[in-house]
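Scrolling down, you'll hit the structures one after another.
Okay, so chain A shows up in both of these, paired with chain B first and chain C after.
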Partner chain A sequence: MRTATDSAVLVREKLAEYGAATQARMREYLRGRPRNPEFEELIADYPQRGGRALRASLCLATARAFGAYPTDALNSAVAIELLHNAFLVHDDVEDESEERRGRPTLHQRHGVPTAINVGDALAILSLRPLIDNAGTLGVRLALRILEEAERMAHESVEGQSLELAWRQHNVVELREVDYLQMVLKKTCWYTTIYPMRIGALIGTRDGVELDRYLRFGFFVGAAFQIQDDLLNLLEDEGRYGKERYGDIWEGKRTLMLIHLLHAASTEERARLSRVLGVSRAERTSEDVSWIRERMEEYGSIDYARQIAHGLAGAAQHEFSVACADLPDSPDKRFMEALPTWVIERS
Partner chain B sequence: MRTATDSAVLVREKLAEYGAATQARMREYLRGRPRNPEFEELIADYPQRGGRALRASLCLATARAFGAYPTDALNSAVAIELLHNAFLVHDDVEDESEERRGRPTLHQRHGVPTAINVGDALAILSLRPLIDNAGTLGVRLALRILEEAERMAHESVEGQSLELAWRQHNVVELREVDYLQMVLKKTCWYTTIYPMRIGALIGTRDGVELDRYLRFGFFVGAAFQIQDDLLNLLEDEGRYGKERYGDIWEGKRTLMLIHLLHAASTEERARLSRVLGVSRAERTSEDVSWIRERMEEYGSIDYARQIAHGLAGAAQHEFSVACADLPDSPDKRFMEALPTWVIERS
Partner chain C sequence: MDPRERVKKPEPGRTQPVRNWGAVFERPGGNSVPQGVEMGYRVIEEYLRQGQNVARAMWAPAVGGTPSGDGLQNQMGAMLRSFADFASLWLDLMGKASAGGATAREPGVTPAAGTAGPFSAGVAPSAAKAPKATASEPTEPPAAPESPEVQAVAPPSHLTLDIDSTRRTEVSIDLRPRASDRAFRVHDLRAPEPASPRIRGVIIEAVPEEDRVTFRIQIPDDQPPGLYSGIILDEHTGLPRGTLCVRVVAR
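Coming up: the complex of A and B.
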């Protein structure tokens, strides 16, 4: 019988293996157009800062679990990571984030105009490996993947638009279901659902019905996002790679904040609304610490942890349903171990 | 013999005809995903403000001149206009522009974060008609067009990166050749070169060598950009659709500014450098008027007008070389008339 530790080791090993392969191929794309070295360096900045390559690994593992050759899905994995980095650059501007992976954000270093343009460049570059897919997978499958990519990217910006509107209009009347709907679009589609869909497309040569991965992808992705937000509250600054309590500074509507808004007293709720309603620059570290403490006091953190655990459990069940017909393999076991990994990682 | 007036009428008529067809099809794409009405409205804002549809018309005319059916290139024309609007939304943020087509820019109305996200959404949406091309043009040609689109978009952001770097580092040592190289990438690729390339791809079913349009596209596109910048200096606020002297407020390195930087006295040059080196908010209307007057005094405006005329003349010559084998047609005559139109439009 496999223990939780075995699963964690398996996930770490697969992430390392697939991450390295993706990074190597990605570098070829990042260096593919050396006409303007300064600009190419800006484009390569975020991708070179590393990351877990979760999205790329899930795509590669799904393709492999369906019997694809190791390199069949590599271009598509690279494309996900490039688009992920494009989103990060723009999100950091939109959220006024100060740090990304332990270093100043791109707009902090080079200004907002350059950051917007570099994000655009990364998104455009993410199309190249998908177009190059035609050479290895054929034009029809390459185009099917592009179709999926366009849908996924639209889901992401739509999810982002929900979150931005909450902040812009200082929405405080939010329910758990609103949060989960936003996360489904903003996070799950591009983090879990899409990587599995195109992995399966490639592994089966467009021979499988893709909507079967929606529920597993949603549950794992939502658990992943909640854990990510929890880490922002719990980790030390240096280790997590973002500024301490950055989400609170940004007024981000996390599950913990939504819980607190419901649990708080009328007076506290008024203060929360006031603090969330001002610009980031007007928030004080006193405000931020106060919110962090109230989250502890009202059990908002424990509550979010429980929801994440529930989602991970639901994901495990969904996996057994959606992937019952997949033969056993290290890649299948990697996918199966993800729900536990996403909520236990630190 | 055709007069200049005949040509102008022909261009206006074609722009109106092709613009209307493109707008009609574009509306279908803008309304295609009504799941989030507020967000869809933001996405449709800039496209609905109108515009000349020059890029779409050039694409449609080229395809038609090669014998394509009227609707063969319509999706590709829609995609160009959607991407053009995506660029406009992001450019307006990057340039801190206040007005676009006579109304407040998107970020002035809804904030920078929303504007970045809406620009992303428009760029993503521009992929849909290109993917849908597979149904009418076949998967192979659809993928070729996507390949061209990716290259074009990369050229554009690379051109934008040059211009942004000039402003960010307050570069004042610029030559005409630097300007033309920037414009080739930033403007010409997506305004003239790419529309002709994909028009020819569609009209010939990938049967023509595309680099033959580079020179014509560059000359027309550069003349177009210079005229655009001239109009920003010459037109009344209401008529032009952008704030008066907006380019000077933004510190934009136009051909007129580059000429002035060379022609000005040492003292004036120092003041120019100082004014250009501060943020937009720190520039005064006195500074802006002073720069505008120096441009007049030193003949910078006449100089730019002459360069634009020279480029238009070169474009006419290039047209006769690159398109000699095209049979006569209203669409060919439209293309032929463009060089004159771009420098005479107001």
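Coming up: the complex of A and C.
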């Protein structure tokens, strides 16, 4: 029987292996056409800052678990990472974030117009490996992957628009279910559902019903997002790589905040609404500390942690249902261990 | 303890099976774990349900969507769609082939043109869907001059179905956007299985004053369940104008 530690080690090893392979191929694309070295440097900024390569690794592992060669899914994994970095650049602008992977965000360094343009460039660059798939996987399969990519991008921006609208209009009447619906679109589709679907498409040469992975992808992706939000409250900046309490500064509607909005007294709720209704620049560190303390006082953090545990448990169950027919392999074990790793990572 | 006393099982802590499997993941001191599981399932099942509804609506608008019943029903729906698609393609080819020669041999007869689109009962067909024979479309021959008795018109905008059947029956009609006349007839409806009896005597009545066409279909009580189809013909020219598909559902 595998322990949680075994699972964590397995996941870390696979992330390191697949992350390195993805990074190496991604560098080829980032340096492929050095027409404007300064601009190329900006495009390579976020990808070179590293990251866990969770999405790329999940894509590669799923393809291999189905019997594909490691190189079959590498282009698609690179495309996911490039698009992920494009999203990060734009998200940081939209969220007014100050730090990304331990360094100032791109727009903090170079201004919003340049950051938006770099994000666009990364998104466009992410198409190239998908086009190159036609040469390695055939035109039909390459088109199927493009079709999936289009759907994933659509779901992701729709989820992002939901969250932005909540903040823009200072929506406080939110339920946990609203949060999960938003996370399904904003996070799960491009973090877990899409990488698995692409891996399965490549591994089976479009021979499997893809919707069977939706539930697993949703549960593990949602647990991942909640844990990510928790780390923003619990970890120090050096380890986490983002600004501490950045989500509160940005007024993000996290599960903890939604719980607090329901649990707080009428007066506290009014203050919360007022603080969330002003721009980031107008919020004070006292406001942020006050919200963080209320979250602790009302058990919002414990609540979110338990929800994440429940979702991770459901992910384990759904994995056993969706992937029961896959033969045992290190890649299958990696996928199986993800729910545990997601909620135990720091 | 008295050694003669009969050993008994202790009373169980619960009297029913544990059906709330989410509780398996519950951690000491917390009770929100099952809530997270329940909420998660509610969200993903609703998402899947909406996706299935959209897929159904997109796949088979002409037949009101894929039946939501069992697998057999879905397969039948897929068969129906495949047949309708194939029939439309076949009719296109037929139309184009006959348009190339028939026009020259029979002046005054409008050549078959356009594609067989879904019949919209009670809704005027979109002008954009009615293809026009113009010089910019090399695949279509120039439209023949219209004579008083042979006019290129849109399909009727009102459709009446008169179905005499003791069983559930689904009807799909594909009618070409252009028709030379509103006088139609339809071949006997056949099943793919040669042994199945045909559905005979389908009547199509046109009422031009009301811009209406009525299909009268009688399904015998002993008709085997299955998919039956027939070609709708122009009464005057004999050219195919569409297809009629009827699915007779098992009792």
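The rule is short, and it goes like this: the second predicted complex is superposed on the first by the 346 of 346 C-alpha atoms of A that agree within 3 Å, B and C clash if a C-alpha of one lies under 4 Å from a C-alpha of the other, contacts with A are read in each partner's own complex, and residues count from 1 in each chain.
Note that in this section a contact is a pair of C-beta atoms (placed from the backbone, for glycine too) under 8 Å apart; a residue touches a chain by one contact, two chains touch by 3 or more.
None of the values given here were measured: they were computed from a predicted structure.
Trainee: Counting only touches as set out at the top, which of chain B and chain C does A:Gly310 meet: first, second, both, neither?
Mentor: Once the two structures are laid over each other on A, A:Gly310 reaches chain C alone.
Trainee: So in the superposed three-chain picture, is A:Gln181 touching just chain B, just chain C, both, or none of them (first/second/both/neither)?
Mentor: second
Trainee: A:Asp302 in the overlay: touching chain B, chain C, both, or neither? Say first, second, both or neither.
Mentor: So A:Asp302 only meets chain C here.
Trainee: Using the superposition on chain A described above, determine whether A:Val139 touches chain B (first), chain C (second), both, or neither.
Mentor: first
Trainee: Applying the touch criterion given at the start, work out whether A:Pro113 contacts chain B, chain C, both or neither, answering first, second, both or neither.
Mentor: first
Trainee: After the superposition on A, what does A:Ala165 contact: first (chain B), second (chain C), both or neither?
Mentor: The answer is first: A:Ala165 touches chain B but not chain C.
Trainee: If you stack the two complexes on chain A, which partner ends up touching A:Ala222: first (chain B), second (chain C), both, or neither?
Mentor: Second partner only.
Trainee: For A:Ser320, decide between first (touching chain B), second (touching chain C), both and neither.
Mentor: The answer is neither, since A:Ser320 touches no partner chain.
Trainee: For A:Leu214, using the defined touch cut-off, is the partner it touches chain B, chain C, both, or neither? Pick first, second, both or neither.
Mentor: Second partner only, chain C.
Trainee: Which positions of chain A sit in both the chain B and the chain C interface?
Mentor: Looking at chain A, the two contact sets are disjoint.
Trainee: Give every residue of chain C touching chain A within the complex, in rising order.
Mentor: 21-22, 24-25, 27, 30-37, 39-44, 47-48, 51
Trainee: Considering only the defined contacts, which chain A positions touch chain C in the complex?
Mentor: The touching residues are 176-177, 180-181, 184, 211, 214-215, 218-219, 222, 302-303, 305-314, 317.
Trainee: Give every residue of chain B touching chain A within the complex, in rising order.
Mentor: The contact residues of chain B facing chain A are 33, 35-36, 38-39, 42, 90, 93-95, 110-114, 116-121, 123-125, 127-128, 131, 134, 139-140, 142-143, 146-147, 149-150, 153-154, 157-158, 160-162, 164-165, 167-168.
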